[in-house]
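Below is one structure, written out as structure tokens; comments come after it.
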Amino acid sequence: MKFRALVVGLAAAALTLTACGQSGSPGSAGPVVSEAPAADVTVPGSKTFDAIKARGNVIIGVKDDQPGLGFKDATTGEYSGFDIEIARLVAAKLGYGKDKITYKTVPSAAREDTISRGEVDYYVGTYTINDNRKQRVSFAGPYFVAGQSLLVKSSNTDITGKDTLKGKKVCSVTGSTPIQRVRDQGLTDQIVEFQTYTQCVDQLLSGQVDAVTTDDAILKGYAAQQPDKLKVVGQPFSSEPYGIGLNHDDSALRGKINDILQAAYNDGTWQKIYDNTLGKSGSPASPPALQRY
Amino acid sequence: MNVLLDNIDLYARGFLGTIELFVVAAIGSLVLGTILAGFRVSPVPVLRTFGTVYVNIFRNTPLTLVLFFMAFAYPRLEIADISFFWRASIGLVLYTSAFICEVVRSGINTVPVGQAEASRALGFTFGLTMSQVVFPQAIRSVVPPLTNMQIALLKNTTIAAGFSVVESGGIYAALSERGYNVFVGLMWVALGFIILVVPLTLLQRNLDRRWRTAR
Amino acid sequence: MTAVLYDIPGPRARVRNGAIGVVGSVVVLGIIAFVLYRFAVTGQFDARLWTWITYVNIQYILLGALGNTLLAFAVAAVLSLAFGAVFAAGRLSDRAWLRGISTTIVEFFRAIPLLVLIFILFFGVSRGLGLNITAYWSVVIGLMLYNGSVLAEVFRAGVNALPTGQSEAAYALGLRKTQVMTNVLLPQALRNMLPTILSQLVVVLKDTALGFIILYPELLYQARFLGSQGQLGAPILQVAMVIAVIYIAMCLILSGLSKLLERRLSRSPRSGPTDPQAMADGANAVLIAHAQGGGAPAI
């Protein structure tokens, strides 16, 4: 009897829930730069591009939980952010518009595997270029140079940079490079690790930690969401060049994407994208120099 | 091999964290579980209801959610500022004691009521009844599943790695960032756990065999 | 009614019990009230932090996640039952080499934490052997290996707890080993161990939550994702509360189903309580727990 009542109660709750619902979203940004897809693009010698052509759409690996960089709005399902815009720009110049793009989220530790197995055509998601990774994948770009920095509450005046961290609690994602750098450089011994940056920001806002540390691009995204409560402080104390991850042997596509990026740097598209996403946090930036190899 | 040797500091820290968490949570959950079992068989209806509700909630919630609440909801209660290690321990204790309560309760119930009635008829006090009559018989059916529970607790401590506790569950992420082969690294972690769990399993089988009744 | 721990309460005991009851209820209500108060004060019950649930898209996300959880659960449950049956038979075999292999495999998978097992399957096996194991299959296979091993132990305990008279009579009638197993022992064992099996399935359901770490889009993953939506106020706690209620409801329904099944089966004339003496074997304590109406000690 009790069991049946429970089932009926749950069914009723479920029905009422679906009856009242709103669509739309509380102020999300649409795509910043609308690029018409280029026509008749060929990238000779690129296995990845042949796969894209055969499939008819592009599969791009992205992040979906970094505001301002790679973010998926739960209320609409739309992706937005700097990385997403760059990914869309590349896809458009390769001949594929917004509707031909499939986004795929990949756990950070599995990025190299996913790219080399061809499960994504390319990966745009705060993917730092380093030599270790270059042995398994190749990079186009960099399209942005971030640096490790600190996010604190707006009211915080103690922490102004990495040297003022002694004795303070600093938070980042488990096992990530920023944590290892903090440990290696001995900036503080009170290190807190969580699964996502949002959890770290929540801990920061409730006063459990004093600062969140990771690439300043990611931090700027959070600061832009709550500019009155959070701010990014200090000079970046590392250099993280973000690149577009590609198949290791596909130099044709790499060259093509590098050309696309260079064109975007030259004609101001990059600047427009930046100003409308990360630039909203108030700190300016300019396009980096490409590293072709 | 060099994955292990190069990162021996990671592994040492991780497994030390696992063992610390396990010891604290094991003791705490045994205590709380026994208290809860006492609640569930007590003559006071309020305590019985509390015990039943507690057990039903914590047995049907994933451990990750329990730890999640301890990590994020607890600060909002603003009672006392305790470290993440203690919060994870408390979360593990709360979760495991629900299961231990059930085991202890079943153990108590395997003792025929006649035993307790006879001892009370002989004039034994509550303490004497428990220690001389009920406990020795209940132990036989309680200890092996308890050992199972503690083995499961040892393995559940890995979930705490996601909530800022230095633990072996977080080793793979650091290895990946350092650029090492994650697969080999994980096999070493698995080996470490086998080394930790096998003695407990052997202990359980030993107790099984010793207390098996002939048929 | 007497119980093991206490006798029928006399007048003084009744007063004492009443007093303890009052104190107990005051303490429990006090704790609940305190927690609710602190949540309200820190704004956890603000309407702004609950608007997320009104969006149709989010409701679809949650329903989809629920579907994914149940899908992983269903497949993993069936596979673990099969795995458990096969390896229980292996452990009960007459041939020593078969017994040895089955024991090693079962013990190996029981010793490794499920989280590490899922990691090994997702990150490790895919890279090491070049196979492409998706998040879904990593979760399902991990659950199968771990819970299958536990179920193998449960099946074996069930068969061992049957009165020896059953198998002796079957052999005396001239049945061969396999026939004894399939026609006489296993059906009875299954029926007796049904509560334990079903509670292990509840464990399977809860452990699907571990898929979130490899980005399998089940409930906990979507909860974490929704909790990070800044434009909705980052409602980490609110989402967690709703998800907790969903999990508790799902598991309670499953346990309720198991109790229903148990009651229906116990009415069948063929099944009867197994000999309690036979169940005093420590490994069969799970049987005792259920025979006495307790919950299963499996985590």
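For reference, chains read A, B and C in written order, and residue numbers begin at 1 within each chain.
We adopt the following convention: a contact is a pair of C-beta atoms (placed from the backbone, for glycine too) under 8 Å apart; a residue touches a chain by one contact, two chains touch by 3 or more.
What you see is a predicted model, and the numbers here were worked out from it, not measured in a lab.
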Which chains contact both chain A and chain C? B
Counting only C-alpha atoms to place each centre, which chain is farthest from chain B? A
Between chain pairs B-C and A-B, which one is joined by a greater number of C-beta pairs in contact? B-C
Averaged-CA centre spacing for the pair chain C and chain A, given as whole angstrom: 37
Let me have the rounded angstrom distance from the C-alpha centre of chain B over to the C-alpha centre of chain C, please. 16
Where the centres are mean C-alpha positions, what is the separation of chain A from chain B, in Å? 39
Counting only residues that touch at least two other chains, what does the list for chain B look like? 72, 76, 162, 172, 176, 182
Among chain A residues, those touching two or more other chains are 109, 195, 199, 202
Show the residues in chain C shared as contacts by 2 or more other chains, in ascending order. 123, 127, 213, 236, 252
In the complex, chain C residues that touch chain A: 51-59, 61, 122-123, 126-127, 132, 213-215, 224-232, 234, 236, 249, 252-253, 256-257, 259-260
The chain A residues in contact with chain C across the complex are 2-3, 6-7, 10, 17-18, 20-23, 25-28, 64-65, 67, 72-77, 105-107, 109-110, 113, 117, 119, 195-196, 198-199, 201-202, 222, 225-226
Quick one: which bits of chain C touch chain B in the complex? Just the residue numbers, please. 2-7, 9, 13, 17, 20-22, 24-25, 28, 34-35, 38-39, 42, 44, 107-108, 110-117, 119-120, 123-125, 127-128, 163-164, 202, 206-207, 209-210, 212-213, 220, 236-237, 240, 243-244, 247-248, 250-252, 255, 275-278, 280-283, 285-286, 288-289, 292-299
Within their complex, chain A touches chain B through residues 108-109, 130, 132-133, 171, 173-177, 180, 192-195, 199, 202-203, 206-208
Could you list, by residue number, the parts of chain B that touch chain C in their complex? 38, 41-47, 50, 55-57, 59-65, 68-69, 72-73, 76-78, 96, 99, 102-103, 105-111, 113, 115-117, 120, 126, 130, 134, 140-145, 148-149, 151-153, 155-156, 158-159, 162, 168-169, 172, 176, 181-183, 186-187, 189-190, 193-194, 197-198, 201, 204, 207-208, 211-213, 215
